[in-house]
Each structure stands twice: as C-alpha cells, then as structure tokens.
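In what follows, structures are represented as structure tokens.
In what comes next, subunit A is part of two complexes: it sits with subunit B in the first one and with subunit C in the second one.
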Partner chain A sequence: MAHQAHAYHMVDPSPWPLTGAIAALLMTSGLAIWFHFHSTTLMTLGLILLLLTMYQWWRDIIREGTFQGHHTPPVQKGLRYGMILFITSEVFFFLGFFWAFYHSSLAPTPELGGCWPPTGITPLDPFEVPLLNTAVLLASGVTVTWAHHSIMEGERKQAIQSLALTILLGLYFTALQAMEYYEAPFTIADGVYGSTFFVATGFHGLHVIIGSTFLAVCLLRQIQYHFTSEHHFGFEAAAWYWHFVDVVWLFLYVSIYWWGS
Partner chain B sequence: MFRHLRTLQQVSRRTLSSSARAQLENKVPHKQKLFQEDNGMPVHLKGGTTDALLYRATMALTVFALQSLLVTHIREFS
Partner chain C sequence: YINTRVLRGLQSGLSSDRLWSFSSTASVAARSYSHGKQETDEEFDARWVTYFNKPDIDAWELRKGMNTLIGYDLVPEPKILEAALRACRRLNDLASAIRILEAVKDKSGPHKEIYPYVLQELRPTLSELGIPTPEELGIDKA
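Right, the complex of A and B next:
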C-alpha cells in the first residue's frame, strides 16, 4: 500500500459535487417552472437530491477526518480558513439587506408619508418578544461556550448537557419568532417596511434553523465519541456559525426593531 | 406493596442503564478499522451495502430528474 510523504489530504474521487450541482440546476429551473407552469415536481426533486448530497458529502468528511485521520494540522488550518471565508461571505449577504433597510428608512419617500415607520404601519414593540429573543440568543452564546470548554476539558456529560441546552434555546427562538410572524399586524406585502422586515428577519431565521441543525449534528457526534479534547473542529465551526447568527440578530434588533420603530 | 415498587424501580434502573450503556459504547475504534481497511474502496462506498444502495438511489434520482428537465420541459420552452 502506497503511503503519502506529505501531511495534506488528496481526496478520493466523489460523485457529490456533480449531484450537488445538478440539484442546484433542478431547484433553480424548477422554481421557474413552478412560476410559469404551476408544477412543483422538479423543484421538489431538486430539494430531495440536495438533501441526499449534503448527507452523503458531510458523512464522507466525518469518515475522512474522524475515522481515517486525514485532518492533520495543515488540513485543519485549511478547513478553518474555509469556514471563516464562508461566514465572511454570509456577512456580506446580510450587509445587502441592511443596506436596503437603511436606504429606505433614512430617507422615507412621500409615498410612505415621509416618515419611518411609514404611515399605517404598527411596528412590533421592541421591548416585548424581540427583547426576549435577544436574551435567548445571548444565553445560547453562553451555553455554546460552556459546551466548548467542557469538550476541551474532557467533561463528556457537561458537554452533552450544554450543547443540548444551546439547541433548545435555538428552537425556542425559532418558535417565538414563528409566533411573532403569525401575530404581526403587517405583512411582507406592506410596502418597503414589510419587505425589509420580513426578508432580513426571515433570512436570519433560516440561518438560526441551519445553525441549530449543525449544532444538533455536533451533539450526535459528541454522544458518539467523535470529538477529543484536542481535536473537535466540527464543533468549533458550528460554534463560530452560531456566534455569527447571534451577532446578526443583535444588528437586526438594534436597527430594525428598535431604531426602526 | 412499597417494597415491590422499590424492587421494580431498582430492576428498571439497572436494565435501562445497562442497555443505555451498551448503546453509548464507543464505536469509533471499530469505525476506524473499517474505514482504514486497505480494500481500494472510495470513502463514499467504504461503509458497506447501505452506501452502495444510497449512492445508486441518488444517481438514479439525478438521471431521472435531469432527463425530466431536459426532455419534458425543454420542449415547452422551444
């Protein structure tokens, strides 16, 4: 058997980039076909293929790192760079929506009544559920840090408990936000206020769900002894993502909920 | 009567905790051996039969959906 004379990871050929690309094609063209021909079949097939691709691709990465030992320090450094660059791209994604919000709210047009919030819009009270949501996410930032320290100190039970608590707080945020969406006195169709509010908070909510899912996978892996006190990058990546989600919420709360009311 | 309840509590605790312990046993060394076996299999198929089934199902779906898009719907666009 040939052994490599370097510390890098030359991956096995994999079908998942192809299936992922085709899933993206099916989802986008499926979206257009839904709009014009009223059929959701193709889009749904694309979504199923995307889920299959994600499951198998990430399963393979866990195999390569935890079971085959390919994630040496230089490889881990690359993974760290990758996660940081990805989160940076997400920051820019949200920056666009904040730009849209400030563009419309700093100079409200006569059509809106020349004021912000626009005439006829009853904004949500920032000191009710939105403030609770802020407390929930801040608390989850504390619990995820507790989980990290527990993993580093080899405290298995505490790591499982604090990670589970973090996920529960994330789910609590999602439930509260869903209730707020249902009860809100304005909709996405209510002018630029509705658009900026629901698109910005909506994408944030989606990221909370993604982050909670990532943390849940980490919980399963922690239970199955995948993480060591020295090597647990999957968890660190999930924690970084979670802190990013928390920070985006803080900006949303201050800008849209508080200043924007 | 309370002695019976106490015994039931002890028995269920013992049974549950031993079965729970068996489920939470560290399987990583076993997985490491499986995935480091020198059999030339790529990582996406190295886990066994389930891998192959899932792979085939994914590729079948890919081919079917792609042909559905290109053959069925492209006709509508032209």
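Right, the complex of A and C next:
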C-alpha cells in the first residue's frame, strides 16, 4: 500500500468548496432578487446551502484531524497561521467601521449641530448595561482561559464546566445587547450616529454569536473526547477568536459608548 | 484666550479701548501637565490662528479644529475666531460661521459680558464677510 513520504496533508477531493461558492452566488444574487422582486426564495436557498457547506466541511476537517490523524505538527502550524491571518483580516474589517465613526464624530457636520453626540440624540449611559456587558465579556475571557488550562491539565470535568460557563456568558451578553437594541431611544436611521452605532455594534454582536457557536462546537467535542491535553487546536482557535471579540468590544465601549457620549 | 483675569479687567474697565491689562507673558498651558514645557497664552493663540489660516484647510479640518477648540476650558480670543470665520468663508460654510458665534456665547457660561465683547471685536470681520449673528436672524431664542 502506497504511503506519503512527507508530513503534510494532501486533502481528498471535496465538493464543499464548490457548494460554498454556489451558496455565495445564490445569496448575493438572491439579495438582489429580494430587493427588486420581493422574493426571498433564492437567498434562503443560498443560506441553507451555506449552512450545509459549513457543517459538512468542518465535520470533514474534524474527521481528518481527530480520527484519521492527518493534523501532524506542520499541518497544525499551517492551521494556526490560517486562523491568525483570518482574525487579522477581521481586525481590518472592524478598523473600517472605527474609521467611519471617528471621521464622523471628531468633526461633526453642521447638519448634526456641529457637536457629538448630535443634537437630538440621547446616547446610552455607558455606566449602565454597556458596563455590565464589558464585565460579562471580560469574565468570559477568564473562563475560556480556565477551560484551556483545564484541557491542558487533563481536567475533563472542569474543562466542560468552564467552557459551558464561557458560552453562557456569551449568551448573556447577546441577550443583554438584544434588549439594549430594543430599548434604545435611537435607531439605525438616526443620522450618522445611528449608522455608526448599529453597524459597528451590530457586526460585533454577530461575531459574538459566531464565537459562541464555535465554542459550543468545542464543548460538544470536548464532551466526546476529541481533545487531548497536547492537541486541541480547534479549541485554541475558538479561544483566540473569542479574545478577539472581547478586544473589539473594549474598543467599541471606550470609543462609541464612553467617549462618544 | 480669555480667562478669568481678563474678566476681572472687563468688569472693572468702562472705556471701550484697553478693557483689560495683564502681563502678557503669563505661562499657562492649554493642558495641565505636571511637567513638560508649558505653552504661553500667546503661543496657544498663535498656534490656533495658524491652524485656521491654512489656505487649503478642508471642511473636516475646520470642524475638527472648532470641536477641539471648544472642548477646552476657555473662550477663544477674537483673533482665533476671526481666522476660523475666514476659513468658513473660504469653504462657503455660513452655517458653521454662525454656529461659531453660538458656541462663543455657550462657552461664556455665566459670564454674560464676554459674548457682546467678542461680537464687538469681530464686528468689522462679520460685516466684511456678510455673517449675520444668531440674534439678527432671530434664532437665538429657542
């Protein structure tokens, strides 16, 4: 039987990149169809295909790594680079929205009354729910670190508990933010204040949901004995992503909620 | 900038020229640091006049400059305000020019004699540039 004379992973042919590309096409053209012809069918089809693609592609990666042993040290190194580069690209994504916020708030136009917050806007009190949200995310950063150490030390029960607690904190943040969105005295349509506020915090909230989902997958995998004390990169990637989400929140809190009020 | 020492001069002076006198080289920084070179009043004023006198100042820089200036704990000197008003003229921004006058009145707080004094100093510039005051437009009352 032939075997490879190198430590790298030559991935078997897979249909998921194609289905993912098709999903992207259906979602984007579906968006245009929705705008012009009021039908959400195409976009919904694209969304379902995207979810199926993600589920099956990542399931295959878990099979290749955890069960088939393809994730040798150099392969894992590549995965680490990949995650770092991806998070870096997300940093730049958020930088754009911070640029928009500072451009608008450092030099508020006459239409806003030449002041920030603009005339007529009552910003949220930064020392109420937003401060609680900050504490929640900071605490979740502690619990995810606790989970990591538990995994490295072979403490199965503690790993499960701390990871579950991290996810609960993430859900608590999401619930609090949802309530804040509902109760806010201003909307996304309220000038550039509303736009910058809801687009920046909205994309952050989406990333919290993504991060919580990633951590939940890790919890299921931890329960099913996928991780070893030496090798648990999926968890590390989720933890990096979670810390990134926390740091973005800190910048949002200081810039938009606190300075911007 | 006009600080409380000037105010005392304003309150006691009655003639229209030389309303105040103070030692012109007082060293007061625009920001209160515990160490480092302190900027004199004249240096502060000159810096801001230079900022607004930039020939190709853009609209963003004008608004940023005004917001920063108004954030300080002081009322800007008429010469700074004049430079800002001329920048408004170069940028065809009448709204901001009038807003500057409103900001001076607001920054004066309880010292009600500052605003009429500043308007008096700026009168030639306001006439030259055709800038009405909020009072003349009737928008000073809510």
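Basically, the second predicted complex is superposed on the first by the 261 of 261 C-alpha atoms of A that agree within 3 Å, B and C clash if a C-alpha of one lies under 4 Å from a C-alpha of the other, contacts with A are read in each partner's own complex, and residues count from 1 in each chain.
Criterion: a residue touches a chain if its C-beta (ideal position, glycine included) is under 8 Å from a C-beta of that chain, and two chains touch if they have at least 3 such contacts.
The shown structure was predicted, so the numbers you read here are calculated from the model rather than taken from an experiment.
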{"item": "First (subunit B), second (subunit C), both or neither touched by A:Pro108", "value": "second"}
{"item": "First (subunit B), second (subunit C), both or neither touched by A:Pro15", "value": "first"}
{"item": "Partner chain in contact with A:Gln68 - subunit B first, subunit C second, else both or neither", "value": "first"}
{"item": "Touching partner for A:Phe37 - first (subunit B), second (subunit C), both, neither", "value": "first"}
{"item": "Per-residue touch tally on subunit A - higher for subunit B or for subunit C", "value": "B"}
{"item": "Touching partner for A:Leu52 - first (subunit B), second (subunit C), both, neither", "value": "first"}
{"item": "A:Thr187 touches, of subunit B and subunit C: first, second, both or neither?", "value": "neither"}
{"item": "Contacts of A:Thr213 with subunit B and subunit C, given as first, second, both or neither", "value": "neither"}
{"item": "First (subunit B), second (subunit C), both or neither touched by A:His226", "value": "first"}
{"item": "Shared subunit A contacts, counted only where both subunit B and subunit C touch the same residue", "value": "none"}
{"item": "Residue numbers on subunit A that touch subunit C, as the complex places them", "value": "103, 106-110, 113-116"}
{"item": "For the subunit A and subunit B complex, residues of the former touching the latter", "value": "1, 11-16, 18-19, 22-23, 25-26, 29-30, 33, 37, 41-42, 45-46, 48-49, 52-53, 56, 60, 63-64, 66-69, 223-226"}
{"item": "Subunit A contact footprint on subunit C (complex, rising order)", "value": "59-64, 66-67, 93, 95-96, 99, 103"}
{"item": "For the subunit B and subunit A complex, residues of the former touching the latter", "value": "24, 26-28, 31-32, 34-36, 38, 42-44, 46-47, 54-55, 57-59, 61-62, 64-66, 68-69, 73, 76"}
